[in-house]
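For reference, the structures are reproduced in the following blocks.
Two complexes, one shared chain (subunit A), two partners (subunit B, subunit C).
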Partner chain A sequence: MTILAQQIVLGLLLGGLYGLAAAGLSLVFGVLKVLNVAHGELIMLGGYGAYWLFALLGLDPFASLLLVIPGSLLLGAALFLALFGFVVRAPEETRIKNSLLVGFGLALALHALAVRLFTADDRSISTGYGGAVITVGPIAIPVIRLASLLVALALIAALHLLLARWRWGKAIRATAEDWQAARLTGIDIRRAYLLAFAFGTALAGAAGTLVSVGYSISPSIGLEWTLKALIVVVLAGLGSMLGTFAAGLFVGVAEALSAAAFGGPYREVIGLVIFLVVLVLRPQGLFGRAR
Partner chain B sequence: MTTERAWTLGILLALALLAFLPLVAPRDDVLNFVFLVLLSITLAQSWNIIAGYAGQVNLGHAAFFGLGALTARTLWIAGTPVVAAMAAGAAVATAFALLIGAAAFRLRGAYFAIGTLALGEILRTTVGNALPEISTLPAASIGAYRLAPRYYLALALAALSVLAVAGLARSRLGLGMVAVREDEGAAEATGVSALALKLRALALSTALAGAAGGLFAYYHISYYPSHPFGPGWTFDALLMTFIGGVGTLHGPVLGAVLYVFLKEYLTVRWVDFHLLIFGVLFIAIVLLFPGGLVQALIQAGNGARRWMARRRGATT
Partner chain C sequence: MLEIRGLEAAHGDVPALSGVTLRVAAGEIVALLGPNGAGKSTLLGCVAGLVRPRAGAISWDGENLLAVAPHRIVERGLAVVPEGRRLFGSMTVEDNLDLGAFSPRARAARRESLERVFALFPDLRSRRRQIVHALSGGQQQMVAVGRALMASPRLLMLDEPSLGIAPLLVRRILDALVEINRAGVAVFLVEQNVRAALTLAHRAYILEGGRVVGEGEGPALLRDAHVRRAYLGPLAAGERDA
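Presenting the complex of A and B:
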């Protein structure tokens, strides 16, 4: 029983990162109506950013968030201007199709680039406080992962506030709702697209930083994280950042439970099961609205 | 005779001529290279059916290639005749495809792409975890290994995939798929069942991919069971189809031939760097030249004809 409780706690902590990873993807998908399957590679790049800041400058990974997030913001803006800005010009059906293809090509290119630049080795940041745990009864909670969960939650809450209160946040939501109507009211929808993509990439960079400290990164983690994020987005539905975060926690716990029930080698299968069950029973997702 | 028909005949003629290659040039390096081209043609055509004709982007094509390989390898090593083992591989791949398709095709948008991507990646991880050991043929089979039957099987499968697409393009089924690709709503309004058509396209596409996986399993002496599930196979299929021209009969064939040459050349020169080049090339084709080589040929032909006409106009 204790082992199971421990697994669930670890699942929750990992699930928080799934939620953060999915929030960026969900924002981009909801606003631009493009599905960036290179999202996991953006997470991977963020992780390397934090890793090198730590390895070369000795910067604490939580402090390096202050550099990785703005860096990712710029990377996102550049990717939008260079690639996805062209994709969004197409009508909606072509747009989604092209975004899948472009994202897939981008994922491969970034993966190859990372192998070339950073080698295929697994890396992780080990800080002085890396081994610290808080024990609650028989359950041990790693401090770093708990801190990561709190940072993830804080970032999601910040994004939520930004979208709810800020002028351009409202413009982004209006564009997501109905871009034609948004344009008629005078919103510069290209700027809303640009901002949404940049924010999505920034969240990916932040998620990557947290992955590099609590877990490990390598050039090939991209697809795995894209997939986790996609499954969370399908489960949550579009439109609610906090709902996405909750769905991330759910997926983390579901994985932990399935690993306990069927053994470690089969823990990934639960994602596919969640995907199929959601499509059949509740295609708009848990927190999405039916169209 | 239409151009489409001329291309079909030309490609089949070329494949027929390749049947004599083992007699003319019985060199292993030549046959291995052509084998790779033939396997690639099958893989590209199989992706072309679902994505090019039916318009559904499959991002986990490797799942079906891998399932075919896993099933065929297991059965073949256990003593099943290789063609039966490949057929079983095709059947297993199709069964998994229909499971994903039946759920994901009821909704439009990205669900099918997500589902196939998930299937591919999850199978790769799970097979890698459950079967971490390299799969090697038993010593007796290695001793009896001959390249010729593998080569002819690849040739037959490539010809089958070309014939399947040629037949599809001219059939009601194929026309229905194109209608669904162009405008699903309009197709449904004219009484076409989009779901049924997409499922049939998927079944045909993944059966070919599964058979190609079986061929891979029959060809290689040893490989990691998770290798054919890797996303690289999906990307190969996408890139070959797009280089040549998606949704055409001859595009994927041209694309496969060109791609295998390019890949061999670049791999020798830049070991693992070629994937970066291909990734960028692929994005450029999708964004700037979505018709691929086939469209380039048509445009070049039109340009030449206009130029000739202008010259004729100038002289008279």
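Presenting the complex of A and C:
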């Protein structure tokens, strides 16, 4: 029983990162109607950013978020201007397939680049407080993962507020809902696309930082994270950042439970089962708008 | 104010407009009438920058509108209420109106514009925090007109504002248009509801098969034999100048 509770807590903590990883993918998909399959590689890059800031400058990983997030914003803007900005010029029907081509290309390139620059080794940041745990009764909660969960939640809440209140946040939502109507009201939709992609990349960078401190990174983690994020996006549906975060927690717990019930190897299976079940029963997702 | 000359447009290989010429002067209410598929919405799409014409010219206060980026057109004082309203359905009434005043010039006048919209459609004031999805078709149409007004336009263009709305509310929308016009805003009204449109329009154009086949003053067109036969039905054609 204790072991099960411990597993659920760890699943919840990991699920927060799934939620953060998925929020960026969801934002880009919802606004640009583009599936960025290189999202996991952007997470990987964010992780290396934090790793090198730690290894070379001794910067605390949570403090390095203050550099990784703006850096990722700029990277996202650059990637939009260089690559995805051309994809969104295509009509919506052909965008997905074009974005898959561009995304896979980018993913392969970034993966190869990371192997070349950073080697294929697994790396993780080990801080002085890395081993600290809070014990609640028989359950041990790793401090770093708990802090990561809270940071993820804070970032999601900030994004939610930004989209709800900020003038351009509303413009981004309007563009997601109906880009032609958005344009009629005077919104420069290319700028809305650029902002959404930059924010999506910033979220990926932040997620990568948290992965590198609580877990580990290597050049090849990208696909795995893209897949996890995609499962969460499908489960949550588009349009709600808080819903996406909740779905991330759900997937984390579901994985922990299936690992506990059927053994470790089944951890990965449950996500795909969720993916299929949602697509069959509720294709718009738990929190999504019906189209 | 708005001048369209020799406009040609097509959807793929199917011609939608062939040489349309028309104009709207400041302060006018002009109706564009015609059957389904005549090219009315395409014409509006061209002016709004959503459809690229193949040939022809659209000028606005002497400026070539085709050279203006689509999102900057509204800044020039030209607002569109698109067919089917195209509201941001998951947002509140207030957010929709707010987005109508997105361009810098309109944002400066946001407060006054909002008051003007609420004065015109008092229902919206009490429903400002409601999600647009939850409103009736007529209320949504009010939001759509309101959103366009938030841009402080000098020309308001509407595509079928009476479509799918209860008759009583159609009357209210049309009355609102007259009131908007009295405040000095020119109105360009694309309608299938010919009788309603002609009662308020100063002038009207008739578009068939992508061509302007008739134009005239509203009341005169209402008596025109072709208009009566084609748009007001056999019964109306038989009426003697009622």
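Brief remarks on what is shown
Assume the second predicted complex is superposed on the first by the 291 of 291 C-alpha atoms of A that agree within 3 Å, B and C clash if a C-alpha of one lies under 4 Å from a C-alpha of the other, contacts with A are read in each partner's own complex, and residues count from 1 in each chain.
One rule holds in what follows: a residue touches a chain if its C-beta (ideal position, glycine included) is under 8 Å from a C-beta of that chain, and two chains touch if they have at least 3 such contacts.
Note that the structure is predicted; figures quoted are calculated from it, not measured.
Aligning the two structures on subunit A places subunit B and subunit C side by side, free of any clash. Looking at the shared chain after the overlay, A:Leu83 reaches subunit B, while subunit C stays out of its contact range.
Looking at the shared chain after the overlay, A:Gln180 reaches subunit C, while subunit B stays out of its contact range.
In the superposition on chain A, A:Val280 makes contact with subunit B only, not with subunit C. Residue contacts after overlaying the shared chain place A:Ala112 against subunit B, while subunit C stays out of touching range.
Contacts of A:Gly239 after superposition on the shared chain: subunit C is touched, whereas subunit B is not. In the superposition on chain A, contact is made by A:Ala171 with subunit C only, not with subunit B.
By the document's definition of touching, of the two partners only subunit B reaches A:Leu230; subunit C does not.
Using the contact criterion defined above for the overlaid structures, shared-chain residue A:Asp188 touches subunit C, although it does not reach subunit B. Once the two complexes are laid on top of each other via chain A, the angle at subunit A between subunit B and subunit C, using C-alpha centres, comes to 90°, given in steps of 10. Once both structures are overlaid on their shared chain A, subunit B and subunit C have a minimum Cα-Cα separation of 14 Å. Subunit A uses no single residue to touch subunit B in one structure and subunit C in the other. Taken in their complex, subunit C has these residues touching subunit A: 48-50, 69-75, 79-80, 82, 86-91, 95, 98-100, 102-103, 106, 147, 151. Within the complex formed with subunit C, the residues of subunit A that make contact are 167, 170-171, 173-174, 177-178, 180-189, 239, 289. Interface residues of subunit A, counted against subunit B in their complex, comprise 29, 35, 37, 83, 86-87, 93, 96-98, 100-102, 104-113, 115-116, 223-224, 226-227, 230-231, 234, 264-266, 268-269, 271-272, 275-276, 279-280, 283. Residues of subunit B touching subunit A in their complex: 55, 57, 59, 99-100, 103-104, 106-111, 113-115, 117-119, 121-122, 125-126, 129-130, 231, 234-235, 238, 242, 272-276, 278-280, 282-283, 286-287.
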